[in-house]
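Lettered A, B, C and D in written order, each chain numbered from 1.
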Amino acid sequence: MSLLQEERKIILNNEFVDTFDFAEVKEFVTNASKDLFISHHFKQKAKDKMLVQPRGGFPTYKKQFALYEFFVEANVDVLPLTIDSNTRLNDYATASKMLRLSEANDVDMLNGYPLVNHGYRTTRKMITHFNKPVSLRHGTPDARLLIETAIASGIFEIEGGPITYLLPYSKNFPLDKAFLYWKYVERVCANYSTLNEPINRESFGPLTATLVPPAITIVIQLLEMLLSLEEGVKSFSVSFAQNGSMTQDIVTGAVLKKLAKYYAEQIDCADAAIHLVYHQWMGAFPTNRDYAEQLINISTVIASMVGADKIITKTREEAVGIPTKEANAKTVANTQYTLRILNGLPNVVDEEEEEILTLEVQAIMQAVFNDAADTLWRKVFNSIKNGIIDVPFSPHIINHNEMITVRDAKKNIRIIKRGNVPIPDRCYAYEKAQCDLTKDTTSIVNDIIHDIGIMQ
Amino acid sequence: MSLLQEERKIILNNEFVDTFDFAEVKEFVTNASKDLFISHHFKQKAKDKMLVQPRGGFPTYKKQFALYEFFVEANVDVLPLTIDSNTRLNDYATASKMLRLSEANDVDMLNGYPLVNHGYRTTRKMITHFNKPVSLRHGTPDARLLIETAIASGIFEIEGGPITYLLPYSKNFPLDKAFLYWKYVERVCANYSTLNEPINRESFGPLTATLVPPAITIVIQLLEMLLSLEEGVKSFSVSFAQNGSMTQDIVTGAVLKKLAKYYAEQIDCADAAIHLVYHQWMGAFPTNRDYAEQLINISTVIASMVGADKIITKTREEAVGIPTKEANAKTVANTQYTLRILNGLPNVVDEEEEEILTLEVQAIMQAVFNDAADTLWRKVFNSIKNGIIDVPFSPHIINHNEMITVRDAKKNIRIIKRGNVPIPDRCYAYEKAQCDLTKDTTSIVNDIIHDIGIMQ
Amino acid sequence: MKVVTGVVGNDIHVVANRLIDLSLRARGFEVFNLGVNTYLEEFFDAVVETGAEILLISSLNGEAEGWGREVKALKAQYKNLDDLIMMIGGNLVVGSGKAEDIVPRYKKYGFDLVCHQVDLNTGLDTLEAFIQERNTP
Amino acid sequence: MKVVTGVVGNDIHVVANRLIDLSLRARGFEVFNLGVNTYLEEFFDAVVETGAEILLISSLNGEAEGWGREVKALKAQYKNLDDLIMMIGGNLVVGSGKAEDIVPRYKKYGFDLVCHQVDLNTGLDTLEAFIQERNTP
């Protein structure tokens, strides 16, 4: 029995789990409709049609089904399955209790769909009924059981990664464990990928969605991509969220695309398909719902200028609470309409910004590779621990929180204190030169507070 | 008594007119608050704040006042005064009757504000109360009395022109007369401009809002500008509406700005201030109000990319009927919000498209100047009569209707039949090369129908 | 069949008018298009002159209401128009209104077919169905 | 004055927490910030340990409701907390709710000041007013 098999046995040893019939699952995946694979859609779709994917998860089967009906009506391209936060913490007992309460009382006691509790047999019915690709959104450090259940259900896109689902989402879950748990996920995805179309893995670029500089986002995207391709994954999406400056978004997209290709080639994985995903504004939203719609619309315009392959949407209710299915479907319809009427987009290139950003990313990547550890995941782990990678506003204790960023006059996010991140001197000087640093500390703190709320 | 004076006497000879006290009006304009002059705002405002102006006019003083209150609440920059269609046809008797009915029954019997009937003494109270610049929107071939009343009321921006208010708005009003009536308007504006800040004149670039190629729009903008500057106007806005392709809009804006400056210099009017105004999509709107909002928002993004000095807004009700004041104010607030959060715009230049468009405009301008007539207005008149200037979908009998335009794959409007318009061969070949002309006539007709409805 | 068409009153919205012209021809009608800015008398005169069996009026800018009221009285002054099929479409009120209020009102004004904010093709399908029904004994 | 603050439960929304830290300091409070992902016991333990007079809890992801119900029972297990000013703010329900329903409910849970979707500065102004009123004999 392989190590993977052994690990599998351990995670299935759980009273809330479906009894897995792996032979049947294998057969199911082998014969599954191509339409369920987003990797297939990426290949098929005329390259200029961006796929539209909303967010959303409800506790009960019935409500999730109804949500999907709304989405299909609104002409969705990719369905989301967002998981509740108990499941994310592997607390299936609480999830089970809350699911029963939700079913009994018609009140939602969970902030997502408890996939493990519903089980793959039930969930697969829903997925195959709609016959659209489904993307699993969670935020789980130990997602091993979740991913087994997801793939068996017909969910062939898995979001997340050891860094992106940990640094923004956790205070003290051990990072080294996360790497190992995600290694399992990558392998499972890689194995199933040989049966039919590949399973797509997607990294979560938005991170804390708060003043994260593009260099950090890109480095983390590239590293999670490499960790995934290393294990044999053949279809991977790098992603990022609206930064606040149209130019910075376009530059971020261009550099991310270019370097993803470059680094994939470096590890002889040029055969893997790499896609670019754009998240509509992920930071603090305006409470005015009309304004929220303007913001969402602008995100779509920018995604088109960036040339994203997929866009993940927000709703007018974002600042207020979990969106209704109506609000959610409305965003999908509006986004599709916007993509339809948005024409004659210019091809924008900002060479200077691209060069600076490329140099920054390469320098950080080099520092990671230079770490003395023997495997990539350990190098990355060490780099986070010693602050070579530093994510602003991460709640995790391992994160250094030494880097300070502000917005310049054009709202580009700039690094004004690099901490331990090896931003090359020339780039660092450039970043600081864009900002007014003559101000006193109080003013700078006020600027940061203001910058967090720029869309409000 | 000057000719102007004589003409003034004639137009005032009308039972529905205020008795004009020109000495008092002169004093009023001389001492009027600078805030009422949009020309002053153009000078003052940091160049990067686009002014936002909605559309709107109601029959009664009370309703117009309430509309303005809504607009001010929504943080408007420029107030509109849209005139009813009876006044536009100088039918003050009907306007008066309908105004009385509207006042008595609280039902709107007019599609705008009957300014002449209200008179300048009354209207001035409203204008000075709000102390914001007001823009007069009408569509009147003979606007002489209207403009006298407007300026006496404190309205210091006058939209329109002999071509732009005639070819899209009339079937058989004599074009030569329109030129002469507008000459009067220009002179009145020029005269009052010496007293305080200049009165701003604005041309109506959208024309029929239906597949008008940028070359025609720009030529007409330039000619109306020249006719106005010739008479001594010192502040002028050229304008155009969203074309349907972002690149074509950016190119149109760039060429229009560049050539306006150039031709103004040619007639030694480099001292006049020239501004650029952008109209949110003016063609057929989607009936789905949510989609209409997406379209409006995209217009704002493009206006920013174009670098317009002012934007004129539409509402989510456009396809449905005259917008409510709530819908109208909402657009203003949304547009201001969008402008606030739209940052880091790239500077886009498309040299090839700019060159082609510049050559087209210059060729048509040259053909107009080459006309044998002695004055510019006669040259322009002849050029329209013989089809050197040809406006697609104009209902006016003088218009040739020989030019045919379609959209290419990127939704740029392209000339596939030039008629009598002297599009240079090289440009004509370029325009046609962008389109698929192997189709049969029926398919091309279907394409045109489709192109009219592209935003739906 | 012969159709007289045009846009009524001071309305100068010409785009639909051009499309109606094209679409009617494509469906095999013989079209007499008076264009925009056409007054009621001009419409009836043209019907008489051409011997048209259908009068198809557009109104977009909201002023149809005013003209509608005068249709019956005016038509009564002409002879032999009893079999004329009268159709109107576009935006039939100032501001927005409900079809269920608008349609009966315009029927009372003397129109057989009333299409408030109805798509052109749908409208013309209705027209053809109406003609066929009338011709079926 | 001493304040203990943090984000309750499994909630990891840290941005407001960082700003609250800064703002409280700017207003002259002595701040003990436990950060995100803090359980009720940890809050009360810290209050006891530091001798804080104010406990200011944030909740953003909707889970406060679940914790709120346990506040009274837990607090009863500690001594000398009767004078503790208890404040909570953020998004206090899953989905959206009305302040007029939410505020009384949380007051029943034992909070003196309840700020559902209230801006931070407004909230802190209320807190200072509350302190002043309490200190005025």
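In this text, a contact is a pair of C-beta atoms (placed from the backbone, for glycine too) under 8 Å apart; a residue touches a chain by one contact, two chains touch by 3 or more.
This one's a predicted model, so the numbers in the text were calculated from it and none came from an experiment.
*Asks:* In terms of CA centroid distance, which chain is the most far removed from chain A?
*Replies:* In terms of C-alpha centroids, the chain at the greatest distance from chain A is C.
*Asks:* Centroid from C-alpha atoms only, then distance chain A to chain D, rounded to Å. What do you get?
*Replies:* The mean C-alpha positions of chain A and chain D differ by 32 Å.
*Asks:* From the mean C-alpha coordinate of chain B to that of chain D, what's the distance rounded to whole Å?
*Replies:* 57
*Asks:* With chain centres taken as the means of their Cα atoms, state the distance from chain C to chain D in Å.
*Replies:* 69
*Asks:* For chain A and chain B, what's the span in angstrom between their mean Cα positions?
*Replies:* A distance of 46 Å separates the two centres.
*Asks:* Going through chain A residue by residue, note those that touch at least 2 other chains and give them in order.
*Replies:* Answer for chain A, listing residues that touch two or more other chains: there are none.
*Asks:* Taking each residue of chain D in turn, which ones touch at least two of the other chains?
*Replies:* none
*Asks:* Indicate which of the five shapes (line, ring, star, complete, other) describes how the chains touch one another.
*Replies:* Topology of touching chains reads as a line.
*Asks:* Kindly provide every pair of chains that touch.
*Replies:* By the stated definition, chains touch in these pairs: A-B, A-D, B-C.
*Asks:* List the residues on chain B that touch chain C in their complex, please.
*Replies:* By the definition above, chain B touches chain C via 85, 89, 108, 111, 168-172, 208, 210, 284, 287, 317, 320-322, 393-395, 442, 445, 449, 452.
*Asks:* So in the complex, which bits of chain B are touching chain A?
*Replies:* Going by the criterion above, the answer is residues 244-250, 286, 288, 290-291, 293-295, 297-298, 301, 330, 333-334, 337-338, 341-346, 348, 350, 410-412, 454-455.
*Asks:* Within the complex, which stretch of chain D touches chain A?
*Replies:* Chain D reaches chain A through residues 10, 12, 14-15, 18-19, 22, 35-37, 61-63, 91, 93-97, 117.
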